[in-house]
């Protein structure tokens, strides 16, 4: 398949061109583009309002004070909006199938998943992304962060792995939608549901649910588990501070499952004929 | 007739209903966990909601989410855009009522197919408060129907703005986001800080969800039930009348342009 | 090496058999028309040739590759146009679609530019390069689709209903281009169509598929011989003319308006439209003419009937 002697930059060029073209397409309609960005700012603010209103009523939620909860909110929203921006359209697979787009991908000399991923780039998510970035800056500057080089590394690692985890969830959603088609909304339960769970202190969940969000759909690793280490909190048995460093492992696990779902999905498509 | 047609159209998507129910339930679990944790932390009821009524708030909210069309629709906007709305004007039935009937059918099937299972699941797994009296059940049902009407009528007006505006996406987004926050889907409106609660109470959004939930969860009882429904009735009437006025203006515009 | 090779190819969908023990091969440079009724198994075959669908059983090779296991290799050497579905980027200027496809096929900058220039010139698409694809007319879009499918200079071009919905002139231009493309580059052509004109102008071999089974495989003349389909020359004359019932190797079908318009049926094997016209215009002044092609549905029906008897 891919010739190992061809330099990586050359091999990535098609994807660069594809993504750039998507960006260009969205810039054409400046007015609606700005509206859409403001819309996702609004979504980000509404998500934040939910956290803020709860802390208007209580001092602590799931063992976190407002500043700590803000960090969890920021990390999860940052990772989610990045993943959503790049691969959020994967859970629209039935739309692609109906438009014949999937068949068009099959007759092009690139891997199917890579083509689907680069077929859209939702730049409007920059709105929600910027809400998350502001929240992160505020949380890190006002919160009781135990700064050290390791903390910096951990924060970067968290954002990267968290984005990878959500991207894996979207990919798994796409794979499953080859089967579900009419029931594609089902996958929202772990993509958008996963995001909703990720932005909470995991201590709010009863035991089984907590285990689910840690080991099955590992969104606990996106924000809460790293936040325990970043803020040097005591944590508990399901979130000891050292677990924060396992975030990349959680991403690998998520991608393992996502890869499996995708393979099953494409096999089903080629077997059943869409 | 039209209600039944709407009902039938949506009942064909059984897998979609099942999928929607699953997703609603997952969100229900997460939200119930958060709100219960908040009540534990406060060690008291918040804004009149104790644990069983809060559970009722969460699961009635999830149950009614698909029933009340909170996220809006674009069918009417598309017909205005394409000019097909002219066909609707030719029918012997008022377009607003025709679309409302369709939406009530959609609401009914979603309540049965998607809402009730979610509600049963919540009741099975959590200690949930039921409507405290027969009156709460009956008025609660009326209140749900009014919520559907208010949500529909508001969206209908927004859709009709397409007669005058080239792009209504901004307004739709604003309506959706503000509505989502203020209707009492994420958190009970009584939990809001004073200023935000005041804004919510002067808007039609709590009439789309918070009011029926207040009645069904038993947070609002006695004479207050009447005022909760009266507020909904006010908004339903206002928005329907507004819809008629806007529809008529749109029709005139269409005739002037010869569209 | 054959460009396409299938042996006992079978594809089942749940309860129905869409493709049934299909065996045929296409050699490099051939131009093959693939016809049959809707649902006869044409699209299913194409999907198996390109690696979109997995065969239930049997053997298929495209460009000497296994489409399921070497899909990307097949994609490099095959261009596909799905008539009703666009492979272009509808919200961008046409030029961008070509640039993106060139990048997808890893064409070098120079190669991409020269190939695009040639295709754009031959298909006369220059004025449309800056137009967003969604604003192109159907004819323009179809030419663009074909240019897009040929950008990477494939060995095999698969066209699914390339002329459907096009006006006469657009059809004409498209066919002329495809003929030239074959002549210059020796591209192998496989096309499905409902238009007998496509087959006559473009194909030297026809496959007819019926209920997933190959009902006919042979030359166009063989097809005509089998079904006896005739073409009709409609001639408008300058003056009222007596019946032209004595033109060799033709049969007069009818005469209208005192012989101002006359319809002559002829067999493609026996004579040509040009010969008939020459004979008529030697005697009378011809103002206008059209040719009516045999209806492909009719041809297919007759083939089905013939193979049913066999």
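Just so it is clear, A, B and C label the chains in written order, and each chain counts residues from 1 on its own.
The rule is short, and it goes like this: a residue touches a chain if its C-beta (ideal position, glycine included) is under 8 Å from a C-beta of that chain, and two chains touch if they have at least 3 such contacts.
All values derive from a computational prediction rather than experimental measurement.
Undergrad: Just say which it is for the chain contacts: an open line, a closed ring, a star, complete, or other.
TA: line
Undergrad: Chain with the smallest distance from its CA centroid to the overall CA centroid?
TA: Located nearest the centre of all protein C-alpha atoms is chain A.
Undergrad: Averaging each chain's C-alpha atoms to get its centre, pick out the one most distant from chain C.
TA: B
Undergrad: Starting from the mean Cα coordinates of chain A and chain B, work out the distance between those two points in Å.
TA: The mean C-alpha positions of chain A and chain B differ by 29 Å.
Undergrad: As a quick test, compute the distance in whole Å between the mean CA positions of chain A and chain C.
TA: Chain centroid spacing, chain A to chain C, equals 46 Å.
Undergrad: Taking each chain's centre as the mean position of its Cα atoms, how many Å separate chain B from chain C?
TA: 54
Undergrad: Check each residue of chain A and list the ones that touch at least two other chains.
TA: Residues: none.
Undergrad: Quick check: in the complex, which residue numbers of chain A touch chain B?
TA: Per the touch definition, chain A meets chain B at residues 31-32, 35-36, 38-39, 42-43, 45-46, 49-50, 53-54, 56-62, 180, 182-186, 188-190, 192-193, 196-197, 200-201, 203-206, 209.
Undergrad: Contact residues on chain C for chain A in the complex?
TA: Chain C residues touching chain A: 13, 44, 47, 50-54, 68, 71-73, 75-76, 78-80, 82, 84-87, 89, 91-92, 96, 99-100, 103-106.
Undergrad: If we count contacts the way the header does, which residues on chain B are in touch with chain A in the complex?
TA: 13, 15-16, 18-20, 22-23, 25-27, 29-31, 33-34, 36-38, 41-42, 46-47, 167, 169-170, 173-174, 177-178, 180-181, 186-187, 191-193, 196
Undergrad: Using the touch definition from the top, list the residues of chain A that touch chain C in their complex.
TA: So the residues of chain A in touch with chain C come to 1, 10, 13-14, 16-18, 21, 24-25, 28, 99-101, 103-104, 106-111, 270-273.
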